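Below, each structure is written out as structure tokens.
Each of the next two complexes has chain A plus one other chain: chain B in the first, chain C in the second.
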Partner chain A sequence: MTTEITVPEDLWEGDTEGVITAWLVDDGAEVAQGDLVAEVMVEKAQYEIEAPVSGKLSIARAEDDVVAKGTTIARLEA
Partner chain B sequence: MTALSPLEEFDLQRPTVEGGLALDEALLESICQGERRFGLIAWSSTDHALVMPRRHERLEGFPMARRALLDRGWPILFRSTGGTPVPQSPAVVNVALALRCRVGSSAAHLEWGYRRLGDPWCDWLASLGVQDADLGSAPGAYCDGRFNVRIAGRKLVGTAQRWRRVRGCKDMAMLAHGAMQVGETPEALVEVVNAFQDAIGDPQRFHAASHVALAQALPGLDLDSALPGLLERLAEAS
Partner chain C sequence: MTTTTKSASRKLTIARAMAEATAQEMRADPRVFVMGEDIGPLGGVFGNTRGLYDEFGAERVRDTPISETAFIGAAVGAASDGMRPIVELMFVDFFGVCMDAIYNLMAKNSYFSGGKVKVPMVLMTSTGGGYSDAGQHSQCLYATFAHLPGMKVVVPSNAHDAKGLMTAAIRDDNPVVFMYHKSLQGMGWLGTEKGATVAVPEESYTVEIGKAAVAREGHDLTLVSLGAGVHHCLRAARALEEEGVSAEVVDLRSLVPLDRDTVRASVARTGRLIVVDEDYHSYGVSGEIIASVAEHAATRLKAAPKRVAYPDIPIPFAPTMEQWALPSADKIVAAFHQMLNES
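Let's look at the complex of A and B:
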């Protein structure tokens, strides 16, 4: 089963776009639910993105990519 | 659980820059671990460093720029909040406020966090006689953002945040950080950031006229006696 990791809709107000500043795990790595996987920066604020489920990570958006709220940045294959 | 009241941490701490960054991280983590719902620290470093988010390490030419800055006596360190390079030195006082909040509650996120830090800061400046303090951008300043604490449009305090999920629930922990230049001249610190810009091959340069130090706005201020007033305002607003 595939689960998408998205930039949560409730992380910040307005339509400002953020930037993926870091992937904290490698593409293809196994992660556990709740693990920190990425950081997104918007307006000088760093937000940590967690894995919603356990599985094998497939990164869809690279570091320094610009992302909007709701953007799928990776997928997890359970 | 930590029984410490935030009021017990109102003394200005004097760590190294690395130690100060660790204090910020420990404060945020204490909220994430559920040890407390609010905390406040103030620190000013005993040494110098140019501090930036780790993503700058990916810039082409970073290793050379790091050596060039080190040769000037400014080692580069990384921080966990957003933004761009900022000099840390004994001329800078840092205040970090961390609290736990509920996502989707009436407490909005980013802008709310900046106002939670910046509005009491402006009130504190007003209490000291500064009548033109507000929040806003300062074009030409290094690490500019929409929520600097400004005096007459010049950047006094740079602000940034970090958000992390509280363990085991949907609450978030927010750390809002303010770095206020209290001494030296803006030229002295802007020069360091511009040296990094030069070394990294970035043509953007910053301007001292976009910054102001507290000592310029309030000459003769006894900071040691005035600073607790800022921290009390930040605590009372929670």
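Let's look at the complex of A and C:
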């Protein structure tokens, strides 16, 4: 089953876009539910994105990509 | 840390690696505490104290006023009295307002007391430019600190070394200046160097202070650098590989003590040396490395050494002017071509 990792709607206030500053796991790695996988920066504040489920990570949006709330940044294959 | 990742493949930014090392030492040793500007609830303007305030509270993670002389002086006192403080000088460029506390008190009290007083503190400070923060927020000043006796000085280029060096620095009974380059912190607005975010073990470990690393092996040319410069060297080495040139990259990691043996051993194999340093060209790390090789009789150089360093000018604010002045992979490759033409 495939689960998308999206930027949560409540991660920060307002509708400002952010930038992925770091992927903290490699593409193709196995991650566990709740693992910290990426950081997104919005106006010099950094937010954390966790894996919603366990699975094999497939990165869809690279570091330095601009993302909005709801953007799919990766997929998890369980 | 508010969140941890348990997978074996997890990577950390240098900012997270520094915070993790600090948190682990604070859990293990009640004498360890942190002081500085915005290092509390904000987690440090460069992210390296994130999570500490939530876990350890305001008594052990102390936000200070803008008063570097006072809080660095206070840290020297606390360290002399048995504590193990970690203090942050937000930008190394601000050293002018607190240098007496650093190099007359922190660096020398142990010597002055005949070793009776130890000063086990860590002074962490950000270095480097590239994001248009002008001449009073962009310097490296590595040589300024490495020149003055009495302090160890470390400069990590990646998160693995950052965690191990931070743990070693906190446990060291001597004062250690921990200089971290802003472009390696994983904070997007400072210019992100992806190569600095690497796999980091969760358990506590140390990287020996005073030991350089060979970041890439090669036999035609030795590139020596530190901090962000290591990544310029690795890019230059990949470009040179396409020309059939095999470049070795030595990451100094530590300026005091300086691992001259690793540098000399590398240059003894390759016979060619280029030093890359984002600190100023004259009277700096680059000159010290070249002198260390030149004064060693066993080294046979095939060409005169070169340096790719920051020009001896105040750092420009204008982006085009600043980028012109910074070291880069292109400049390293050009320096090698020039070296071949001259020899």
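Just so it is clear, the second predicted complex is superposed on the first by the 78 of 78 C-alpha atoms of A that agree within 3 Å, B and C clash if a C-alpha of one lies under 4 Å from a C-alpha of the other, contacts with A are read in each partner's own complex, and residues count from 1 in each chain.
Here is the rule we use: a contact is a pair of C-beta atoms (placed from the backbone, for glycine too) under 8 Å apart; a residue touches a chain by one contact, two chains touch by 3 or more.
Everything quoted here is computed from the prediction, not taken from an experiment.
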Exercise for the section: Could you check whether chain B and chain C clash or fit when both are placed on chain A? Expected result: clash
Practice task
Scan A:24 for contacts with chain B and chain C and give back first, second, both or neither.
Solution key: second
Problem - Dominant contact partner of chain A by residue count, chain C or chain B - result: C
Practice task
For A:13, decide between first (touching chain B), second (touching chain C), both and neither.
Solution key: first
Practice task
Would you sort A:78 into first (chain B), second (chain C), both or neither based on which partner it touches?
Solution key: neither
Handout entry: chain B versus chain C as contact partner of A:46, first or second or both or neither
Key = both
Exercise for the section: Scan A:37 for contacts with chain B and chain C and give back first, second, both or neither. Expected result: second
Problem - Touched partner set for A:63, first chain B, second chain C, both or neither - result: both
Problem - Part of chain C, among the options 113-121, 131-139 or 203-211, whose backbone runs into chain B after overlay - result: 131-139
Handout entry: chain A positions touched by chain B in one structure and by chain C in the second
Key = 21-22, 34, 41, 44, 46, 48, 50, 63-64
Handout entry: For the chain B and chain A complex, residues of the former touching the latter
Key = 53-55, 58, 80-83, 103-104, 108-111, 113, 143, 145-147, 159-165
Problem - Touching residues (chain side chain A, partner chain C) in the complex - result: 19, 21-26, 29-32, 34-37, 39, 41, 44, 46, 48, 50, 63-64
Problem - chain B-touching residues of chain A, taken from the complex the two chains share - result: 10-13, 21-22, 34, 41-48, 50, 63-64
Handout entry: Complex contacts: residues of chain C adjacent to chain A
Key = 2-7, 9-13, 16, 47, 50, 186-189, 192, 194, 197
